[in-house]
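Two complexes are shown next, each including subunit A; its partner changes from subunit B in the first to subunit C in the second.
Up next, the complex of A and B:
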């Protein structure tokens, strides 16, 4: 039993199933050498043709040379596109594509300058010193795609994972009409063999078969002749003439004819240790590796009875087909079709403005008598001709039934994906059924179905992930809530214990207290309760904060009120008032005793107020104001103390009302300004504030209270100092202050509407104060 | 004679017992969790998660169909899906209860300069296809968008459009006797 390689060496050929023998109309175009057409005005280069994620390498408006790369890309399958001529990149816009759909694709538009100057080419004398990686990089940079029609990136094909034993150079060109490879082999046989030796160095195959159909005797002759002169190892390479049959040029069919092996469904020849390269691609590889020329032009057959000068032409990639037609077509009478590719596998071009692309090997311009474009489809007569000619051994009839009934799944189960769309079945069909069209529809529908399925799977996956996430978030939230609830419960029980402790302390305090020192005891008990309660009770803290805030507010109000008369003093008073009563405010009266203590304190405060009021009546109205404001503030804390029961609340309300009343009264009295004795009053006030601060310090146990006390103390000190300093300035700034406060009517009106405590008033007060300060400063400057 | 009858009765009873035990064991041993039909139904649904059926997603609707709900409540799936469901579940096909959506796939698009960053669309999206954060611009990852429309309504500034997916040469389908697409000549300035 001979091995496969021995059989190949002995020249054995195998049979491939199916196939047809259509009339070969090659002589129409293969008699003339490959020519060139005049340059077009503009070139349209679609980007990217294969491989996504390309970025523009040149700017719009830039001058480009012939061979300048237009795009840059990173992906492995990326293929660069190059400028086919020198000129200006005028636009990147959507243009009709060279595709059966004719849908617009993004394209670079190059305005040719007519000079056709090459960019600097990186050429090599010899390829032997180049490493494989270098050669592959050059091939990729040249943007070489398979020129047989599929346009698969060549650098990937030439970098196979498995070992390649057999390299097949495909010079079959089985499509009727097309002669581009034929002419290329005849004219560039030496260059093609150089390309073959490059691939040989790249992948190191054991045998190389140069397969040419036997209807191209000139090409076979040329290759054989070149082989004798070429330095390539001719022992390894053999030129095989393959009997003419369509579609022997198909990759799988050619392998079957040359080796008798069948490439399994869904597999590639590399899995069998074989590699097939088109002669056009081999030539482009030589150009790229040795001359550094990118793939910017290819041989295109222009043929058909409508063509004036049928033949083969070097057409730059991106040449608009319109331009080609204007030079090589007889005046057309519409509608006449342009077929891209051969008559068997080609498609009708919807837009003549579309460009030549890398995979375009033929422009067929058939006349009406050459090709019946409109064929009447008749019912299938089940003759079975199609099954006999199918090179892929499929059942075209079954596929047709299912495709027609839109049962694409069933068609797929008959291996629709293995159909190579060669068109043999349509060619032999006596009923003129466009079978391949049906298969193409079915294939695209299947492709869409699988894409939809993929998208649905992704959507489901993401939806499930989201649902799970939301669920997790919800449970986490619930757990947190539960935790908080349990913590709250624990706190409540602690508080109850503390209340009991507080009650015990109270009893003790009661026992200790004596009637002679009632005042002090009342205060002490209040303090004691504060201490106890503050340990755990947050409420007290909040209440204290509230009281403080209110005190501040009151301070602001008094400041506003006394702006006209003496602002320093007012500030001082306010501070003092606030400080004096914070301890009372802080006492969180939960139990009755504390309440009583508060009532006592309140009574005391009232008493003191009364007394001072009496005193001030004699001294001066300013002082009255001071006392009054002080008194008014004195009542606020009582109101603020966290009253639990209604009674206390009512009492507080009454107290509040009283405070307001007295305040009103004093305000009326003190409307007339008299700047006498301000210093005395101020110092008096500050002294008071100092004496009263210790009271604040004692009950505060927790940090917050301490901080508040510190702040209060600082304020008191500040007030004191300002009181001490300002009287001197006062004499000079008095007029100014007055005028400035007059200038701000807002302040004035507010001073009349006394209890306005809202933000606006605060802002206005601040503005007035600032103005007063400014004026003062100005006065000082003047002085 | 009588003993023969008794014998037959005994034998049959024993046989019945044996088979009963066997079947009972098999029913326990090879028990299938959940309804396998639900998975099959779900596989047919388009997974847009749009909620137009009245259920919060395709899976709940699949479960409802298995439980006996109507099969004509999926507008994104269209008549084709309804027919497939009818054959699978074994009920008569019914016309869709809503107007069938056009077969053109759409995706949401946020006009980013108008977006105020309210995150309402992000919360509405069933497949987390919208990217963004509070007070920052949002955008739709069009590859993940199912075109379910759910983000359009919550947008307070109406900056979301449903844009048909553009057909490319890769997504183009062969049509029998297709009329070639005509490109209009671009207007040239005089």
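Up next, the complex of A and C:
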């Protein structure tokens, strides 16, 4: 068994499946030497990388010379762009692109001065002394991209990660009509071979195959002749004439014909140790490395029956196609098709103002009856001719069937991604179905789908992570609560219900004696909060956070209340009920807006629900303690809360929250049954007495009255919430007092000893809890 | 300046569906001519009748479906279906047989499934089977080859028979197996003979056979073979299906013949009697209802050959091809699902 290289040396050629033999029509343009056209007035050089990987290297209004770099960039994929002539950079603006879409692309506009003076070129006599890195730098600086059409940056391609054993120089040019590579090989064979030896030095292949289709005998002759005189090691090089068949010039097909190997799906030839370079690119590499000339012009075939002087031309990159047409097209109205590229894979140019770009190898100007005869699409009869000619061995009619039905996943299962869009299937289709177009649509739909899927996957990951985190937090919280509860339980074990009752009675007595100044209480707390609010500095985000916080509070409240138990529960309810009054009275002071109202409405609904939920599960007396402990836990965040800033929005949000809470309280109230309720009233009474002082202050704070009011309400509500817990707290406290242990069990110093303090403490606790929740909410928001 | 957008490629070969169909029709002409030579002008009248009905029927259906009538009629597919059905049925079958059959083929089998390219079953064969089941007498009464018939049928006589009535004699001759205007087909004759206790050799002594091969049918099959080869040459069809059919039929009949020549027809009789060549090249190769990949088509053809042999040898109907093609049509999607060619770059071992 011969090795691959031996087989190559013996001149073996392999078969590539499929393919067609369309009329060549190359003699239309390949008889004349490559010529030049007069300079255009204006050049349009697309700079699509500008702003992303590149910055402008010259200022608008600057004088540029031929070959002056227009952009600068550092990234590996940066492709340098140069001025194709001397003149002034007049603008950088969006111009129609040379693309099937014609979408505008950012372009440098050069006003030519007609002198066409070169910038200073850094030329070298010899490339041998240059290191690989130097050569690659020169190639990158010259902005060389694959001139076969794909325009992939050459400096990346010439720096492969794996060893390259076989270098293939692609002089196939299998598309009908196009002859730019043909002429280049005939006229610049020596230079091309120099380019080959540069690449040889760069990547050190074991063999080099110079592949030319056998319909270009002159080019083959020219290369062979040049090879005799060229210093390149001709033992390594083989000029191979490949049988004419479209699309043998495709990279994968060429590799298959020359080596019998297939590039694995989704891979690049470098994985097989092979590298394919187009002859035009090779020539540009020589120009760049030896002469220091950047890629600012290329050979373009101008052909078709409409072209007055069909042939090949050196066209500067950026030459407006209109300019070319004005010199080489039979003037004819109405405007006709311009095809960029060959008849098989070229696209129709939407706008003639688009420029020549690095990948433009042909301007095809067909006459009306030369091609593009409109044919109506007819039903597929599954004749299978398309499968016969498919070079990728696909089943085009199956692909079509699924693409037409928009079953893109099924089309993908028929290896749609391996379609090279060569157009053979459409060419032979007796039903005139534009198969390639269907595949393009299907491919882009698949790309969209995979993008969407990626995004959805990410979102799901985020969601899962969040759910997990919340779950963990919840467990942690519950554990904490349980801990606190057990501690408290230990503390209260000795206490007696009678003691509690006594305490209640005392509170009741107090309450009866105190005047009702609920509003004042509200205002008072409000002031305190306004100060807080002033310090604070958060806006919309917080509001959002608050909204969420509300939801949580609601939850929490539910959690709290579900555990409420026997006699104490009643107290709690009563307490809340009392506090509910505050918001009601407050409301006139507070400037209510539509939004808030709406929010409140919504909130109400929620709370009402919640309230109902509350009363359903009632448990043992120990639970009360738990509640109380929560109240105390809530104090901790109080310290944090100053960090959290509140503003008007927050206030509004808080106000809403209050409204909700008050509702909740109301709901609770309805359930009150036990005799302890009066005690609660007593406690309220004491609250009121505390609040009187602030009344005097409130006018001073008039400015922020609204905010304050809002905040106040918020607090009031929070107080209510806390109040829900505090009865127990108090009870505990009092119990303790009675049992002559003055210290609160678990509750911290804030919710303490004297009834008077007690009230404050309650409020504080309430505020604290509210804040804690908000803080949490914010944190979550940040997360 | 703005131009209309069209997708590449901008070149196409000028081999359109209607030219393909047209060429297939032309390639069938030698067979039709030989058939007329042996069985009189009945087939020709049936063809004319079938094509007219097919075009009318298709136009009517297209009108009902609100589709372009003229461009669709121009694709010649209805004409081809009509031709294939017309040359499959007995040349002197009453006119309403072909009319019903054609309407069924075009209206129901083709258009109810969505028209050209969408039908699951081969329209001509589906119609043939329908007629065979619905009108067994008319469909099994074949004309005796002119060369051995006592009363060769002329053009006018054919018209008369088709549009008025079949001579009563036909049934007698069918039953008696003697000469008349019409008689059973060779395969039918053998079937009947075998079931009545005769050996294969004795069966082949019937006048309908000459040197062990059916009179007339041999030449008809050869003519269709020539037409089929022409289609291959013109690349109107690919060889896979035809070769699959003929090879499998040949191999199976050879095995049967070698094992038990007394009760099995020889491979040559199988290949050159009945509708073998017509089906192998013109009917089974209908791309719409066949498998799509080349390997799949080979399998599809082989399946038809196997079914034909089984039905001819063990089944009740000697007209095996229609059934075999329909059964294979049913299997086509299944074959397509499992026989996918390896795409470029998807080598199993690398």
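Throughout what follows, the second predicted complex is superposed on the first by the 447 of 783 C-alpha atoms of A that agree within 3 Å, B and C clash if a C-alpha of one lies under 4 Å from a C-alpha of the other, contacts with A are read in each partner's own complex, and residues count from 1 in each chain.
By definition in this document, contacts are C-beta pairs under 8 Å (C-beta built on N, C-alpha and C of every residue); 3 or more make two chains touch, one makes a residue touch a chain.
In this text, all values refer to a predicted model and were calculated from it rather than measured experimentally.
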Which superposed partner A:378 touches (first subunit B, second subunit C, both, neither): second
Touched partner set for A:86, first subunit B, second subunit C, both or neither: neither
First, second, both or neither for A:301, with subunit B first and subunit C second: neither
Contacts of A:437 with subunit B and subunit C, given as first, second, both or neither: both
Which of subunit B and subunit C A:463 touches, first, second, both or neither: first
First, second, both or neither for A:68, with subunit B first and subunit C second: neither
Which of subunit B and subunit C A:348 touches, first, second, both or neither: both
Partner chain(s) touched by A:22 [first = subunit B, second = subunit C, both, neither]: second
Subunit B versus subunit C as contact partner of A:215, first or second or both or neither: neither
Partner touching more residues of subunit A, whether subunit B or subunit C: C
Those residues of subunit A which subunit B touches in one complex and subunit C touches in the other: 100, 348, 350-351, 353, 434, 437, 440
Contact set on subunit A toward subunit B in their complex: 96-97, 99-105, 348, 350-351, 353, 434, 437-438, 440-441, 443-445, 448, 451-452, 455-460, 462-463, 465-467
Subunit A-facing residues of subunit B, complex: 42, 45-49, 57-59, 126-129, 144, 146, 167-169, 171-176, 180-183
Contact footprint of subunit C on subunit A as seen in their complex: 17, 20, 22-23, 100, 176, 252, 256, 262-267, 322, 335-339, 341, 343-353, 364, 366, 371-372, 374-376, 378-384, 387-388, 391-395, 397-398, 414-415, 418, 421, 423, 426-432, 434, 436-437, 440
Subunit A-facing residues of subunit C, complex: 1-13, 15-17, 19-20, 71, 75, 77, 115-118, 238, 287-288, 290, 292-294, 297, 336, 340-347, 350
